[in-house]
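As written, the chains take the letters A, B, C and D, and residue 1 is the first residue of each chain.
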Amino acid sequence: MAKAKTLGMMGDFAVAEAAKLCNPDVIAAYPITPQTIIVERLSEFVADGELECEYICVESEHSAMSACYGASATGARVYTATASQGLALMIEIVYITASARFPVVMTIANRALSGPINIHCDHSDAMLARDSGWIQLFAEDCQEAYDSTIQAFRIAEDKRVSLPVMNCLDGFVLSHSIEPVTTLPIEDEETLDGFLPIRDPLYKLDVDAPIAQGLLALPEFYMEIKRGQQEAHLKSLSVIKEVIQDFGDRWGRYYPVVEPYQMDDAEVAVMTIGSSTGTGKAAVDELRAEGKKVGLVKLRCYRPFPVKDIQAALKKAGAVGVCDRAVSFGSTGPVYADTAGAMVGRGGPLVKNFIIGLGGKDITIDTFRTMYDNLYADLAKGEIEEPVEWIGIRGE
Amino acid sequence: MTIQDEYRKKGWKNLPPGGIVDRPATALEYKTGTWRAFRPIRNKDKKICQNPEACLICWALCPDAAIKRVEPNELEFDMDYCKGCGVCALECPLKAIEMEQEE
Amino acid sequence: MADYPTRLADLPKEERSVSSGHRLCTGCAAGTIARLVGKAVPDKPLIWVNATCCMEVATTIYPFAAWHIPWLHNAFENTAATASGVRAGLDMLMKKGRVPERDIEVIAIGGDGGTYDIGIQAISGAIERGHDFVYICYDNEAYMNTGIQRSGATMHAAWTTTSPAGEVVLGKKEFKKPLLRIVAAHGLEYCATASVSHPLDFVRKVKRAVDVKGPAFVHVIQPCLRGWRFDTSESFQVARLAVESRFFPLYEVYHGYKYVLNYPNPALSKVPIEDYLKNQGRLRHLFRPEKNQEIINIIQEHVDLEWEKLLELAEFSEKSAIY
Amino acid sequence: MSKITEVRFHGRGGQGVVTASRLLADAAIREGKFIQAFPEFGPERAGAPIKGFTRISDKKFTIKSAIYTPDVVAVIDPTLPRLVPVTEGLKEGGIVVINTPETPEAIKSKLGITDTVAAVNATNIALETIGRPIANTAILGAIVKVTDLVKLDSLIEALLEVFKGGVGQKNVEAIKRSYEEVKVA
């Protein structure tokens, strides 16, 4: 029996508490800043008997995901966490895990990818995995990181989905920052009062009913199998919304896949992903107080990319700036690329791309003021001159 | 209809999830016997090998499990799967097996 | 001592691991290895975790899978890590009563490339963590699945497509990596070398490895007719020569410390390495156009040196009171 | 005090700067306030100058950026002002709480500032109460005294959550003494 308590918790800490609540059977993880506090807290829970699970201290992130793949194959509930270079090292197996439809919940404490090495926040690591077939959720604050961890298990293990889920929280800005987090009031800890039933696997390694997973698929069948994977991923969006609704109805906190903020009469708007959303909302409030009709759209679910929800949220704005914390070199930011794809040819707003906060570059209210000024300038000209603008760097 | 035909007919929508094959040993439907250029003949002219259970080297070493132990003490060469590699002939201590050209 | 099969007839009739219908090359002893592992533990349910390798690709071409048991492949270099996850998943599900308590053995199997080179880190980690599983390395001394490229297991002077016998450089420059000593150095309870030419010895060692509560390792030599260039019928004959020439002696190591020699019998006179090398196409350049006695001697000296080390280790182990 | 009160702690790696920023947040959350506490993220190494930040507000706030215009600056290590512009960005009417043996007036002239300065010899207090020159908890007592951020009891409660038993009591004593001994000018 657990009562709801509001405590000051670092994001990593909150995620570890949430993961514990979900009773994972196997954890296989390798430490990397800024995810370390998650794996440390989980190790303490296991050592103190608060969490009954096989905790495998693997010798590399590549082996972390490999062990998760093997464990999920037995039907066990599996959790891991990594960041930056760790995600890059295990990416081979991240793809394979999704193709096998093995549910695994993985927290990413988002951190810039090297070169140069940098331990601060940006989304280049998660974006490295955007084509991997994992569901990807991004949290705005520590409370959402906590709640989203719990939702992730429910989504991943729903038989209609049965896909691994990547829960992203911004490195340091959330992972190592204390914010108020309210824990879940739970009666039946085995199934979180029915919200998270014990995993009933889509299929598993069963000595009494052998199956084979990991075959060589020649051209004759490979594409068919991948089309099936795409279908499962696209269909997961409705289940994700179902889970969001159920969680909100039970505990009062709703995190829609796309959340418009003051968009009804917004002339210009930005779309944000992750913790920059918080500072963005604060900027909107300030500018609104100064009479400026600005808005913001928070993108929580990046994969599957909620095209219809984004179209609905953005269509009334005059000009929209998509704020990426990653860049696909030689092209634009990834979230912009997806968004532009969704908005093209619909007579909707002007859409441009802002690259902000790479490698922990602080995103402040002034950052948003600059972006909104640029959007108003483009709106006045009626066209986007500079489709991709890097905000917050020195020099022309 | 082999599992290959079955899975082809399913189209992409109804294939088992995650690229699995949902039952064991479906390769039994694939007859590797068609690979043979030579065929093993045991005890062709004389019953040299009379007590296989006392030896069974051919049975144990056959890479394709194409030699079956038959009650109570007999061997059966399964031409559905034998690839004609000649291991049994070479390894048989009594030289009771000869490889002959496939017709 | 647990009871180990003394006659091939003791082995179960039915196939319990790989089935017929797989597409390994005609005469490939890897098929035999997979069969014998299944027969080594007739009473124990198995879960098979396979590395990317010939055995994996040739036995599972979608939708044909040649396995009577649950079979899992993940990738090339992470078989031991994947097996760790399978083991952990089973253990915890049983502990929580989610699945019936059963003595299931997790078999992890890979080729030499996947074990000596790209996979050694995952193996070292899995052994260090003490998971209860058996790792089997079937060693055909090159990346055969991708067309015979040189690996850490390839012997000195052997031709492969990436260590060709050229005008200036004659085959692989380096010597075969001493895999088992590296594995033994982890101090695991049991590891051993085996050969397809000694099926009962191999079966005994697999069973011994399975009986270990914790990690165990069996390294079985499996000459490859395609890569070593010999006839489809000769895999086992070549393997036998590898053992009898002392190129690949069969021995066991207990707790990474106590060495027990099995074959060949030291009392027997040595089969010259030349007999082992001469009918392998990958070493033709040592015999034609004319014999390269110098390199043959180098190989012989290296074999003799390694053999002497093994004898000393075995002798020392016999006297040692530790195990 | 503006709607969200922003506090910046200055010290060196290993001096408990981050712990101080967290304890202040923990104290505030006990009073139902909305908080945020985070270090200046970087590969902290013992001895290197680092900062810790705390935001406290009566209303929920969502801002996630660093603090550039603090309302309160707390200097745990007296040697830092020479190296680091500790009062940079201090808001009008802001206050500097500094661990120093000197008087607030002396500090004002030394730093050449006209802002309010609260001085307390936290190192000395810590030595006498905790027995170690760790001033991070002691200085919190001074902060509580000169600002209305949190009540002393909340701070003590938060502290005893982290420092149990005898160590806890010694830290409480340190807090109380600096609460009493802080001088403002």
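What we mean here is this: a contact is a pair of C-beta atoms (placed from the backbone, for glycine too) under 8 Å apart; a residue touches a chain by one contact, two chains touch by 3 or more.
Predicted, not measured: the structure shown is a model, and the values here were computed from it.
Note on connectivity: the fewest steps through touching chains from subunit C to subunit D is 2.
Nearest to the common centre of all protein CA atoms is the CA centroid of chain A. Just to note, of A-B and A-C, the chains joined by more C-beta pairs in contact are A-C.
One simple way to say how far apart two chains are is to compare their mean CA positions; for subunit B and subunit D this gives 80 Å. Centroid to centroid, with C-alpha atoms defining each point, subunit A and subunit B lie 52 Å apart. Remark: subunit A and subunit C have CA centroids separated by 43 Å (rounded to whole angstrom).
Rounded to whole angstrom, the centroid-to-centroid distance between subunit B and subunit C, based on C-alpha atoms, equals 24 Å. Listed for subunit D are no residues, as none touches two or more other chains.
Shared contact sites, meaning residues of subunit C that touch two or more other chains, fall at 60-63, 65, 67-69.
The set of subunit A residues that touch two or more partner chains comprises 210-215, 217, 221, 225. Chains that are in contact with each other form these pairs: A-B, A-C, A-D, B-C.
The residues of subunit D lying in touch with subunit A in their complex are 22, 25-26, 29, 34-39, 41-43, 61-66, 68. By the touch criterion stated above, subunit A contacts subunit D in their complex at residues 6-8, 34, 119-120, 140-141, 170, 172-174, 176-180, 275-279, 281-282, 360, 362-365.
Residues 7-8, 11-13, 15-24 of subunit B are the ones that touch subunit A when the two sit in their complex. For subunit A in complex with subunit B, the residues that touch the partner chain are 99-102, 162, 202-203, 210-215, 217, 220-221, 223-225, 227-229, 231-232. Partner subunit C is touched in their complex by these residues of subunit A: 25-26, 28, 52-54, 56-60, 62-64, 66-76, 78, 92-93, 96, 198, 205-207, 210-218, 221, 225.
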